[in-house]
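Lettered A, B, C, D and E in written order, each chain numbered from 1.
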Amino acid sequence: MQVNEYRPLIVAFCCNWCSYAGADLAGNNRLNYPADVKIIRVPCSCRVNPMFILRAFQRGADGVIICGCHPGDCHYTSGNYYTRRRMALLFSMLDYLGIERERTRLEWVSAAEGAKFAATMNDFAETVAALGENKRLEDLRCKK
Amino acid sequence: MQKITRDQIVSKAVSLLQDGTVSAVLGWRQGEFCYDVTPSVFNTAEDIEANFVWNDFCGANFSKYLVSKTKNIDGKLLVFLKPCDTYSFNQLLTEHRFNRESVYVVGIPCEGMVDISKVKAVSGEGIVCAESKGAGLSVTTIYDENPKEIPYAEVLSERCLNCKSKKHVAYDELLGDEGEVIDSARFDEVEKLESMTSEERFAFWQGELSRCIRCNACRDVCPACTCEKCVFDNPNSGAESKAPTNSFEEQMFHVIRAFHVAGRCTDCGECSRVCPQNIPLHLLNRKFIKDINSFYGDYQAGAEVGMRAPLVDYDLGDLEACDVFERRDSE
Amino acid sequence: MQRIGVFVCWCGTNIAGTVDVAAVSEALKSEPGVVFSTNYQYMCSQAGQDIIKDAVKEHNLTGIVVCSCSPRMHEATFRKTAAAAGLNPYMVEIANIREQCSWVHKDMLTGTEKAIILGKAAVAKVNLNTPLTPGESPVTKRALVIGGGIAGIQTALDIADAGFPVDIVEKNPTIGGKMAQLDKTFPTLDCAACILTPKMVDVAQHENIRIFSYSEVEEIGGFVGNFDVKIKKKARFVKEDICTGCGACVEKCPMKKIPNEFNLGMDNRRAVYIPFAQAVPKVATIDPSACNMLKSGKCGICSKVCTAGAIDYKQKDELIEEKYGAIVVATGFNPISMDKFDEFAYNQSRDVITSLEFERLTNAAGPTQGKLLRPSDLEHPHTIVFVQCVGSRCDACAEKGKEYCSKICCMYTAKHAMLVRDKYPDTEVYVFYIDVRTPGKNFDEFYRRAVEEYGVRYIKGMVGKITPEGDKLKVQASDLLADKQLHIDADLVVLAAAIEPDKTARPLATMLTASMDTNDFFTEAHPKLRPVESPTAGVFLSGTCQGPKDIPETVSQASAAAAKVIGLLVKDKLTGNPCIASPNELMCNGCSSCERVCPYGAITYIDKEFPQPDRTVAVRRVAQVNPAVCQGCGACTVACMSGAMDLRGFMSSQIIAEVDAICK
Amino acid sequence: MRRISLYSLDSLFGEISKSMTLYIPASDNAGGAVYTKYEDGVEYLNTLNTVKSPKNFFFPHTEDLMEFKLQGKNIDILDIRQESEDFAVFGVRGCDVKSFDILDRVFLSDPVDSYYATRREHGVIISLACTKPSETCFCTTFGIDPTEPMGDISAWMTESHLYLQPVTEKGKALMSKIEHITEACDDSEVLAQKDKTKNILSKLPLKDLSTDAFGSGKTKELFDSPQWAELSQSCLGCGTCTFVCPTCQCYDIKDFNTGSGVIRYRCWDSCMFSEFTKMAHGNPRLTQTERFRQRFMHKLVYYPENNDGLFSCVGCGRCLSKCPISMNIVKVMKSLGGDKNE
Amino acid sequence: MHKDNEKMKSEIIRRSGVNPSKCMRCGKCSGTCPAYDEMEYHPHQFVYMVESGDIEPLLSSESLYKCLSCFACVDRCPRGVEPAKLVEAVRLSVIRQQGANHLTANDIPEMLDPDLPQQAIVSAFRKYTK
């Protein structure tokens, strides 16, 4: 790996019951994905407030991904259904404002899908890296 | 141009006040000029007869005032609501923001309200008189004593040109005839933006939002923004900020504000009306409304009391977030 | 300001192999709030835990960050360690530097860098942690079972056998439910009454069970462990404790033409009646809409003939208030109405009947004493057509019928067909089917026997139209496999009507704040892992109120629900999860958004007085979270516009601090 | 007095911007005007007033004051000011020019606000006389003559020419730099224009607005007036009036945590906001009525009391046209001033 | 599925607004069809053949004109598939291929026979004016 190669900063919100466990499984199976991805554990994907996502972008994140249980599998029965609506609308709005739509993503990863977790993160990191630095939704004060 | 005359409204207000149905009246008070009217509470018949106005400039949506004005009232407050105001009225009731029993609603038809800045763009400064005459406004200025006639189509506010409904969805009594929900072209502008490239859209919004001075007028007038404490005023919310310090803050404020009212916004258009910088804020709200309609089925906030807003609801077969763009691109 | 200790685990070489643990503990030393930082080979070992305990004491730590394996592995371990050292267990945060760092990254440099960032995020979070204590609530050791069918009976018996008092509320005069109306049961063909009635007697005689028959639930308040329920015991105008069930009143009652609902209106009962011989409780009930004495004060015969003096025309509805720790819903099902299915002529001919009516027709205690006679002329039918899937598996948008498969029809139709051919071999029996669905122990064998041994004619194709003509029913259907149109002159047509949840379920769900699907079946807390619990804590599901089921399935679910109830009732106190939502009342708008997204019904509203800036007092509607019910998902925190609702343990400020630390 | 043909306006702007950054009113693409840095392609918009007042040049909407850098547990304090270059603002109306006097008295009196002072030193104001006042104008109430706009250089625009007359030393210095593209002239055309404008001023609807009821010493008389409640009853509590006002000078100082340190900045604040002057114990002005009263008492009573009778309003009329509910200082003055304004 | 079949299928689905994959093959449409005996391909087969893209045989089948457009199948289909609309859409394909042998409203009166049931007139009009 080149030393000065641009690497994106990616924040991943993972629900405790499925996706965080899926990430653990990826670890158990030693499935590689870029270290650019930093995971924040939340009880359910429905805990993710759009403000957290914007906050991450403000602080310099280049991509934000939210992972939750598959529809129908939510530990809390319906949390991810709310997430799905909230994120569909939020992502559409960010796109409408001209923010690159590839910088945000919502994925369903179950506790058994370690491979999917790793593949998702690889793909997302690659996509975001290709976009380059997040210029359209940045706060210059935080980039020093 | 309004179908209901001032006299009709005034006599209704006076009679309801005098027969004890209501103890106060929320209405429009005459200002300095022919076009600046101020929302005001009237307590006496004399005051109403002398100072109540009803004309093409009575755009203010009174619904939100009910939250504060019914707090310590004895008896009922009479409020005159235009069709679009009644949607906000219902939405506020859905959210338990005031007591229905404290309000007496008289629905009044509305033929659309005039945007004074549009008038000035045609007539120039120095307006001394602007009266309804036929299908337009007759405007006199200090620079030109000959009245200039401007058709309504040129001076109606954007929200009225794209009026979504002339139907009152709530009232105790109706003056005039009941109207219909209108199949308006209100999403055309949103579609135009959607069809731009991402870069163009970004440039467009940067241009618009960079004018924001964070006066909070959009928030403070919005009938959906009745929070006891707004996140933007709360130092513990992580979003507090008083100033549009940079483009991020501008985007953050408007995205979060629009998101917070998404599914609750009735598209009354007050935000765009009051913006001192003429930022087309309704285009943000309408984007959410349009998306909600197309993703989750048509939904009009405030159409009925007690409706479950789309963001506190779900369907097992809802659209996936990743399909949002596929869907739009194929449209 | 917190005093935080950071403990970096090597996990042997699992972490230390790709992460420079010394560098991590060194880097985290200079983070705000950190007063102590170290690393050790196995933090989870006894020696490792001792390091933590010692450091807490030595450095007066108020918070702990362990950089180690996943919190899913050892969060509980380290919380216990903290508690042992006198710290609140919720002052511990784990930075997952094994599963989510050392195991997935190969390069020491990037691994170390990321581990430091994850550590910083954990430190940032702990800086905002507050000690949390789980709430406790007492448990009322009594269960309520709503519905007295086989599901309710089984659940009640199991709970009662475990030593807890149980009340059954049944809206009809007797328990027994649908099963009491059945003739034989598949796939063994034993008689329903023979296996059900002993259970009903068990219930009646059980010292831990009270039966509120002819009663309905009026109001439900409270929450898990502490439900307050009002039960309306409808006036039956017969003193239950005195009536011996002798039936003298029934015999003498002059009002003879009341349609008998137990036989689905195929015969008549009196104004005073006992639904069937083995009813429990076996007491008479007077139908106030039919009784002359109650309507006009003229008659009073039953009172005269009752030697026990049990008749009481002045009896009033009675309201019973009781506290319960758990509630089991067992409201059961009904066949759907056939009114909209004009093509099957159900309303035109008495000889088109539903399967449940057929059960009564073949039941020895039924209107025909078990002889298969068709209703119109009481003649023996020679050609019988069974139609499957009537109103099941319909399009979601269709005006009639249900979208789901009713599950039991294939089997009971096979049973009916077989019984007919067994008793009346001269009868031609056709079954029109779309698919024959027989998953279940000995089910397919049963269906095959109907075809192979009993000669039932199974024809693939839905009946299109039934036209009554003379004393025949012209059945028009397409035999899809033979590709030809069939016209059968039938004597009797039996429709396998879809089943739907009982109409009382929807208002009950509202009272319970339990969720339902669009078909009015109760939703389970988790479709796979918590199938007998409602998402509303303390509410359990038994039988067909949750979805179509046959008897064996119903009974197993009933027992499962009972096991869950027993598991709840044996506890003296309920200890909640302390990571729950809590509203800031000063900021709450009372808008109900949070209540609407709460899957558990944990949020309610109260009107509360608040002092105003102008020194007046205003009453505002504000949210309250019931700590015993909230599960801590956080859906409400995002639905709340003002941010008044926050989630303990995952506060917005904590998550934002993590975001900031990661993006630094 | 010197003049330049309007056809050569661009060359004048070009010449000024050679030596310093020049700001001129230009379209904001939304029906209003905004001071825009002059460069090729920026077109001068002859408008009465910009939406935001030019106070922004000296007292910016937001301004970074200093920065704290965090290194582990060490903190460095950095001065991050950058304003050291000269700039000029063209087209400032008489009312707005007067507003700088009002701001100066606040920011340049002891202790001097060095951020404001530096900007003030570096800024050159080229004013512009009014020819087409609006119905919302009432600067004459406060003794301002819009035909004599002052600033560092006074300017008048006729149909053919721009006339320039230096007022201050700074103005003269700038005039000398543009002398070669302007021509000397007499003031006959300017005088003619002044007469014409004055004639219009006499026809303005607010021309008779009086300040007699206000000013130093009126606190007791006005403070408890019951009319405040009535006037403020529909006030939304937004900051529109404050933020378009050329004389409002309140600000808040806030810290922004960048993750690696803190930027301390100040930004405009509004006495209409419920969070204004919130202190540890709470807020001294609890209701919107009190906040509303504060704004107008400050402009019409407290400020004159402390500043030799000078009112803190210049009658530019921005709040009249921008208030969402059309409540404004004129209505307040008429209501509280009673008969004097009828 | 062959490309041409695919195209024709999607065309028919678009024109009819029917989703044949909703069919659960119960055969109630055929069971209810008054013209069953006249038909070579029966309503349920219509649905199935369209779904599988096997449309060619339908185009040349007399069945197309045996359908009375009585809409009994539409009314009774438990899955809301609306077979009659499919039949009509296939019929249209044939008519469009043949060219403009349409009826206009003005042609109708002279063809009227007092014995014709009203429904037949309406259905014929619907059939031939597309």
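Observations, loosely collected:
Following the convention adopted for this analysis, contacts are C-beta pairs under 8 Å (C-beta built on N, C-alpha and C of every residue); 3 or more make two chains touch, one makes a residue touch a chain.
No experiment lies behind these values; they were computed from the predicted model shown.
Least step count on the touch graph, subunit A to subunit E: 2. Number of steps on the shortest path from subunit B to subunit E, with steps defined by chain touch: 2. Across B-D and A-D, the chain pair carrying more C-beta contacts is B-D.
Taking each chain's centre as the mean of its CA atoms, D is the chain most distant from subunit C. Among the other chains, the CA centroid farthest from that of subunit E is the one of D. Centroid to centroid, with C-alpha atoms defining each point, subunit B and subunit C lie 45 Å apart.
Note on chain placement: the centre of subunit A and the centre of subunit B lie 37 Å apart, centres being C-alpha means. Chain geometry summary: the mean Cα position of subunit C and that of subunit D are 68 Å apart. Across the assembly, subunit D contributes 256, 259-260 as residues in contact with two or more other chains. Counting partner chains per residue, subunit A shows two or more touched chains at residues 50-51, 55, 59-60, 72, 78, 82, 86, 141-142.
Touching chain pairs in this entry, ordered by label, are A-B, A-C, A-D, B-C, B-D, C-D, C-E.
Those residues of subunit B lying in contact with subunit C across their complex are 71-72, 94-97, 226-231, 234, 236-238, 260, 308-309, 311-313. Across the complex, subunit C is touched by residues 1, 9, 11, 16, 20-21, 23-28, 30-33, 35, 38-44, 46-52, 55-56, 59-61, 72-73, 75-79, 82, 86, 118, 142 of subunit A.
Against subunit B, in their complex, subunit C makes its touches with residues 586-593, 596-597, 605, 616, 618, 620-621, 639, 641-644, 652-653, 656. The touching residues of subunit E, when paired with subunit C in their complex, are 22, 24-33, 36-37, 42, 44-45, 72, 76-81.
Against subunit D, the residues of subunit B that register as touching in their complex are 31-33, 36-41, 60, 65, 116-117, 121, 124-128, 141-143, 207-208, 211, 213-217, 219-221, 233, 242-245, 273-274, 276-279.
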